[in-house]
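Before any comments, here is the structure.
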Amino acid sequence: MKLRELAEQFGLELRGDPEHQVDGVGTLEGATPSQISFLANPSYATQLEHTAAGAVVVAEANAAQCKGNALIADDPYLAYARIATLFDHRPAAPAGIHPSAVIDPQASIAENVSIGANVVVGAGSEIAEGCTLHPGVVVGTDCRLGPGCLLYPNVTLSHGVRLGARVILHPGVVIGADGFGIAFARTNDGGHWEKVPQLGGVSLGDDCEIGANSCIDRGAVEDTVLEEDVRVDNLVQIGHNVRIGAHTAIAGGAAIAGSARIGRYCLLAGRSGVNGHVTIADRTTIGADSNVMKDVTEPGTTWNSNLPAQPMVRWQRIFASLLRLEQLNKRIRTLEKAQAQTNTGNSEDND
Amino acid sequence: MKLRELAEQFGLELRGDPEHQVDGVGTLEGATPSQISFLANPSYATQLEHTAAGAVVVAEANAAQCKGNALIADDPYLAYARIATLFDHRPAAPAGIHPSAVIDPQASIAENVSIGANVVVGAGSEIAEGCTLHPGVVVGTDCRLGPGCLLYPNVTLSHGVRLGARVILHPGVVIGADGFGIAFARTNDGGHWEKVPQLGGVSLGDDCEIGANSCIDRGAVEDTVLEEDVRVDNLVQIGHNVRIGAHTAIAGGAAIAGSARIGRYCLLAGRSGVNGHVTIADRTTIGADSNVMKDVTEPGTTWNSNLPAQPMVRWQRIFASLLRLEQLNKRIRTLEKAQAQTNTGNSEDND
Amino acid sequence: MKLRELAEQFGLELRGDPEHQVDGVGTLEGATPSQISFLANPSYATQLEHTAAGAVVVAEANAAQCKGNALIADDPYLAYARIATLFDHRPAAPAGIHPSAVIDPQASIAENVSIGANVVVGAGSEIAEGCTLHPGVVVGTDCRLGPGCLLYPNVTLSHGVRLGARVILHPGVVIGADGFGIAFARTNDGGHWEKVPQLGGVSLGDDCEIGANSCIDRGAVEDTVLEEDVRVDNLVQIGHNVRIGAHTAIAGGAAIAGSARIGRYCLLAGRSGVNGHVTIADRTTIGADSNVMKDVTEPGTTWNSNLPAQPMVRWQRIFASLLRLEQLNKRIRTLEKAQAQTNTGNSEDND
């Protein structure tokens, strides 16, 4: 690709050599003259001076620091993302249905799909056009996959799971396993658990993407629902009956307990947690390793409770002090009383 | 089902129309007149007034608030759980062994099982009557599955895993992988890790249920053991040599480190953690995102260390104060000394 | 094995009966006379007096407490690990390629491998000699496995993943899924996410071992890299572009966010977290459930921020006090000012 062509195709302003050619991407530090790079985080701007990249996608504010060719973008990261799709040479999955796939005769498979080796599709399931099911995918009965879904290897859909269009499920994802519903049956000798049937389903809207080995449980009564364009990272747990609004993003290792309701355009950082039955307003941001334990009612707020690690000995002292906080409080109250008395005494002196 | 029949079958008192028919379940908010609902959490009792449900399972204490038909239960959630099993229409797995399954000739498979497509069962393994192995399940060598076990797709059992009766393993569960045993070999150039052979097995008692993508490691020397009726949610890690007492329940994202011993009837909330070699008494409750770092010796206690998320700016100030706790402590001590001195001074004044 | 033979083979000093025979391992508490045991943690030394083990591997410091046969080792745990390999009788995977495996004609498979049932290997991938791929493993296109790799069931390698020699991947591991790269496209009606192509690969050095259901994402631009002998436990998330130095060990449930750089010989305890773009020096230790949120520049330090669980009521009071820390601070300042005033007042009195 010539830089001229990139500028035209993506509506960017080019400063530099329009005939320069690039054939891949690189980091500012590692890129060669045949690669394109980008500056999304201004704190790395000093790298602009030394990069060997054939061109850099930058914001106007950083363009002057660019020694070589620059493509000026309002949002350099977004512009880069779009350009990079040109250089994504991942091999296309082979068209058609692999002979080892086991498709139930009562499943309905559209014409132009790719169904890999050892895929299993259950009775009553519908796979729309343009879907790719990589090897080892298991689709249960009565599932519905919208057009253009992409299921990577060893994904499991239980029965009755519905995916919108262009949903991406990374390897090992499990959608529609039973929620964690157990009822305790008290008996004379102590008691035991009984399973609460999980009768709801799961529905994912268009353009959802779920990271490797993440789990989304089916609802207990009604469905677990992710609206469109919800983006979930790896090893995330989403419990039964949860509802997540459109365009919300959830980073790795987070866990959303059952019946939580999360708004639209929320951001949940890595290892964050949301308690069961909690409701979170639109555009809420939750910090890394922070736990939301009650409703967030005002939209657009940021919440946090993480503890940045400290040198161990220092942390031990802080934690020991934390355990004595109540006594500290009492000692201050004692001092305050004494001070009040002193003041009275002093006032008397002054009389 | 007529309400009369439900009342009889489950030993509940019916208040309302005995001939009213229901054919499914619904939430109080969403149920139609042909659905049955329940009130387990009294804080939702106001929903009783507006529900359109054909009947509601309630406790005596809330029965008066019920406008329509009511089924009175000592434990409405448990009664609902039992009723709901009637409406669980998940498709039965096909009987018999799918031709694509790979069963070692030295495995022993009971008569009435369901073994799905692409299942693999290794030599010396025994699958008892009534077991269901969904597609993609891999059972290693020398495993033993009790009657009525239900293994969902893509579950892996390593060699020598023993399951009791009616064990349920949700998709992607891994039982019997090597525990995390490594020994550091110091050498002149720094050193390296050597693997400690993991020679124990794993044993799960009757009625255990393990959530999607959870892992239970094999023991290093002796077995990792879950007694009967242990209920584990999704994405839970259970390390080698752990022992978990009967009827304990562990919610999503929790992690139990190696050689921990957890009592019977314990409840571990989501994202909780238990340190290695820690022992926890019976009927202990651990709060969400809380870490047990030393033994809990008294049965029936509740432990916690979670931090409910706060508005970010407030949390930053609190954390900054936390880091200065020791200085705070010193300042108070200084004040206390000064106060003591003042008191002495004042006493002298009073002389 | 006679103890005499073990002492010779592993270079240990034997105190006791050289002709005594052992055929397995046991814990100090559970071992029989035909089993060998070990004492690694001196706090269990009292168990030496009552063990029935046929021999115990101990350090010189604890040898005197040993009533029976003792094998003296500088590092008893390491010596035990080596001895125990003699008693690891896990069944060898069958040689050759199972007929149900689906090997792309353009894949390159060395002679003496074991490829199990339903394994899939994509075009352009190379499997070196001595590799074992258990049932259900999916290897994408253009992967390269060094000699002696061991992939347990249902492991997924995406395209372009490179493993060194003797890499062990436990069941359900996912290597090379897309990193969590999304760019927000603001529009008049709010906006949506666009996927940032993940164009890098993943490279694991020799002797890496990755625990069950853990995930290592491919790089966004350059590769995600684990150097040799990195040991990772179960359910660990390693984001895109992360680099981990040789001999680092990471325990269960930890999560390393994108672009973090972790040094050599680091230890990350269970459920710990590392923020994105953070750099951690060599030989750093991170405590359980602790979050590293900024660079650790000095090698060999230990960091922590975990909160050991407390009895619930106590913890609630402590947390309530924590939320009032700022006011506490203000009250102390008020007291300090008053004290200063009092002092001035007293001085005046003394005049």
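As written, the chains take the letters A, B and C, and residue 1 is the first residue of each chain.
Keep in mind that, in the parts below, a residue touches a chain if its C-beta (ideal position, glycine included) is under 8 Å from a C-beta of that chain, and two chains touch if they have at least 3 such contacts.
Model, not experiment: these values are computed from the prediction.
> Looking at subunit A with subunit C, do both copies bring the same residues to the contact (over half shared) or different ones?
Counting which numbers both chains contribute, under half are shared, so the two copies meet through different residues.
> Compute the rotation angle for the C-alpha superposition of subunit B onto subunit C, expressed as a multiple of 5 degrees.
Rounded to 5 degrees, the superposing rotation is 120 degrees.
> Could you state the distance in Å from the CA-based centre of subunit A to that of subunit C?
Distance between chain centres, rounded to whole Å: 23 Å.
> By residue number and range, which residues of subunit B touch two or more other chains?
100, 118, 136, 154, 172, 213, 235, 253, 307-308, 310, 322, 325, 328, 332, 335, 339, 342, 349, in rising order.
> Residues of subunit B touching subunit C in their complex?
Result: residues 100, 102, 118, 120, 122-123, 136, 138, 140-142, 154, 156, 158-159, 172, 174, 177-178, 180-186, 190-197, 199, 213, 215, 217, 221-222, 235, 237, 239, 253, 255, 257, 273, 275, 285-287, 290-294, 301-305, 307-308, 310, 317-318, 321-322, 324-325, 328, 331-332, 335, 338-339, 342, 345, 349 of subunit B touch subunit C.
> Touching subunit B in the complex: which residues of subunit C?
24-27, 30, 75, 77-78, 80-82, 84-85, 87-88, 90-91, 98, 100, 116-118, 134-136, 152-154, 168, 170-172, 207, 209, 211-213, 229, 231, 233-235, 247, 249, 251-253, 264-265, 270-271, 288-289, 306-312, 315-316, 319, 322-323, 325-326, 328-329, 332, 335-336, 339, 342-343, 346, 349
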